[in-house]
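Naming follows writing order (A, B, C and D), and every chain is counted from residue 1.
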Amino acid sequence: MNITVWNEYRHEKNNLIVAEVYPDGIHQAIANFLIEDGITVKTATLDEAEHGLTEDVLNKTDVLIWWGHKAHDEVSDDVVQKVQQRVLDGMGLIVLHSGHFSKIFKVLMGTSCDLKWREAGEKERIWVVDPAHPIAEGIGEYFELDQEEMYGEHFDIPVPDELLFMSWFEGGEVFRSGVTYKRGNGKIFYFRPGHETYPTYYNENVQKIIKNAVKWAAPLKRKRAVYGNAQPIEKLKGGMKI
Amino acid sequence: MNITVWNEYRHEKNNLIVAEVYPDGIHQAIANFLIEDGITVKTATLDEAEHGLTEDVLNKTDVLIWWGHKAHDEVSDDVVQKVQQRVLDGMGLIVLHSGHFSKIFKVLMGTSCDLKWREAGEKERIWVVDPAHPIAEGIGEYFELDQEEMYGEHFDIPVPDELLFMSWFEGGEVFRSGVTYKRGNGKIFYFRPGHETYPTYYNENVQKIIKNAVKWAAPLKRKRAVYGNAQPIEKLKGGMKI
Amino acid sequence: MNITVWNEYRHEKNNLIVAEVYPDGIHQAIANFLIEDGITVKTATLDEAEHGLTEDVLNKTDVLIWWGHKAHDEVSDDVVQKVQQRVLDGMGLIVLHSGHFSKIFKVLMGTSCDLKWREAGEKERIWVVDPAHPIAEGIGEYFELDQEEMYGEHFDIPVPDELLFMSWFEGGEVFRSGVTYKRGNGKIFYFRPGHETYPTYYNENVQKIIKNAVKWAAPLKRKRAVYGNAQPIEKLKGGMKI
Amino acid sequence: MNITVWNEYRHEKNNLIVAEVYPDGIHQAIANFLIEDGITVKTATLDEAEHGLTEDVLNKTDVLIWWGHKAHDEVSDDVVQKVQQRVLDGMGLIVLHSGHFSKIFKVLMGTSCDLKWREAGEKERIWVVDPAHPIAEGIGEYFELDQEEMYGEHFDIPVPDELLFMSWFEGGEVFRSGVTYKRGNGKIFYFRPGHETYPTYYNENVQKIIKNAVKWAAPLKRKRAVYGNAQPIEKLKGGMKI
């Protein structure tokens, strides 16, 4: 299992508060807890050549984790298209927090992916609403994050294939915080928490969920279906007509 | 209720067989049976300025019906983007047959929308699998089309919000022939039949389904949700923090 | 369109607080605002013969609204079975508040339908998460009920066909407050609010939602599918074998 | 992982054709190929005490596989209730073929679970429509069963959480042949093929699917949610009111 954690990696270099929380970058903080599970993890960031997502890297990636925020527009359309194709071919994709507005998530969803937001350091309580889902395994009925950015409904996404988590915010909003989709042979999990100024990715519940999601999103051994012109499997009574 | 029927309108001009079946174009054949229901129907075609889909036309359209095939690439990205925005704002969209490969459908789905196909004039039998759905009202347990192009699984679309119809083909394939999606405030219905060389749009079951779909897809009276930065509705215990 | 509003009608007779809020019973309060829409509304209550739900009443009912709480067990299994059959045959069913624990809802769901609850007169804020759904038409992004009983997740229901509303509660919980299901030819809407000691059914948003739901749940003109032994539609190559 | 394969086990004793195909019973044929995967498998049959499904057996069962046909009514309601409770508590359930009419499946679905059927030894072709699903791993785009009983739509089940397989039948019907549901903490997979007079359970595709389904349906480590009266997590502004 090969995981690539992609991070925009700008806040950590430009903002002292963020740099203090994630001195080696959000990508490294995520990589660190995944490695504990014996998973092979690489990282890639925006300012690398091809954003670190060369065709070779993508082809070897089983699950791609995506964190971006301020520089979504700087991600090249070419890379976005390659990631989309890899998802359709079976690569798992885990989109975190402000990645809701990334090109790749919007392209795979077909909607604006917009939402309400507020940076006020308020409390978030994340409830499990799908107790039979493997991504929720090991999570209690709910867990709390003392300080998080608020994301509120309406979240402009397609109807999720599965709704796993719902958030309660101190300021009065709710949010569909954990949702899954399939696209082609690939599986997608969007998970809400993870504002850059808070130590969210050190929270053990958040870590457990991302670890579970990586396993859930892993590709199956399966080629893409054959598309295009097809001969009849059964003999047509009148033969081939036009 | 204002309907706009959009048609590529090329086959009818270049292919005598098609011209015989749809002398005034597929768009006009569809418009004709919708008008019977007292609906205001306009048509628009690829070769008109802005493909006949000016901002004014789109803004006045409650439900847009889309038929395209050979010239998907000639539809301008700008028009596609405007149609997508109108769907998010609430306009209904009915995508017919080979429209599965249109830019607008692919953009709204996020997948390849590919499938198996065969032009052999074979029999299709369309089964109702969601008898509680208003789009299926007035349709028996199944209906048949004596000659149609085959579309076969795997159909590379997102998991439908609703699956209404499933097709049986003489040559041995099956297909999810009627599926719905929501995108933002808008509703989308994809309906499989309608190859240009067959009189499919004169079939009364096909007509009934499209009539039902128009009603189902009509926009609600509803503004888009407010997105972006939001003040707390409830007082935060610690006040606003960063 | 014929609506029957069914109410247990016990709290109103045994509890002065409830009697003050709903002097003619919750059923009458609901009937009153439906009648405004020109709908034909009857009421039925637990202590009537066959709970007021004779075969004749059921056969003439297009949509049944159900409110029960303390006496679910007193509803006869025979009536429950008849209501279930009518739903499968196409009758709409709207289950309100504590009706989550009614026999009819549990039988149609197949789960415990259990939840967390608290009677503390706290604030509920109900958010629209499916802006394209006709049941949400005319409702803003959210609305508030100053005092309601809390229902909290996990709500032990099957994955809803559609999730329309999500509640935020002052005490820290969230809830899937508006959900739809199809069963056979029938449509079901569960709507959370409506504790007997609060004037919830006088709230205009609640009334609007129930009015919308009645329209949405109305039966289609459609017979049940034919089930059982079926002759082949296509000729079998080897003939009929055993 | 502990699997219990339950079989009515009547046809095999009363019908020579069936006895020849499954000399040790359908349950044993299924157990045999599961054991190959190193899974601990027990069997249980209708005519054992408590149908072989004592509380102890059920408590130790991770996934229960169910085959029944002619004697659904002889399964005691008490056992059905215990199995339902175990599913809600997390036990996986795989319902095969004519098990669509079993008490346990009907109770968990809330519908009639009726369908069209025909015993004519015709060809069935099963198509994969959800290539990202682990239950479909290792299965090609489709596979064929030369002789099977036909099951045709409309299949009166709730809208599936996931639709994996669709069948094409020689006689002209289609069917949703592989569907999943969640109920409480438990996962359910219904799989169509398996008429008692055909060697369906020796087919390697059928075996692969059932093996996959067993893994997919395995319970998570998770207690049932806490239901009932709940204290507020957040302090209520006005305190507890009634």
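Observations, loosely collected:
Just so we're on the same page, contacts are C-beta pairs under 8 Å (C-beta built on N, C-alpha and C of every residue); 3 or more make two chains touch, one makes a residue touch a chain.
Nothing here was measured: the structure is a model prediction, and the numbers come from that model.
Identification of common neighbours of chain A and chain B yields C, D. Chain C and chain D touch with mostly matching residues; of the residue numbers seen at this interface, over half occur in both copies.
Distance between chain centres (mean CA atoms), chain B to chain D: 36 Å.
Between the CA-based centres of chain C and chain D the separation comes to 30 Å, rounded to the whole angstrom. Chain B and chain C have Cα centroids lying 32 Å from one another.
Counting partner chains per residue, chain A has residues 125, 128, 130-131, 141, 152-154, 159, 161-162, 170, 172-173, 182, 184, 225-226, 233-234 touching two or more of them. Across the complex, chain A is touched by residues 84, 88, 107-112, 114-123, 147, 150, 152-154, 156, 158-159, 161, 170-173, 181-184, 197, 225-234, 236-238, 240-242 of chain B. Contacts from chain B toward chain D in the complex involve residues 125, 127-131, 141, 152-155, 159, 162-163, 166-169, 172-174, 176. Touching chain A in their complex are the following residues of chain D: 90, 125, 128, 130-134, 136-138, 141, 161-162, 170, 182, 184-187, 220-222, 224-226, 233-234.
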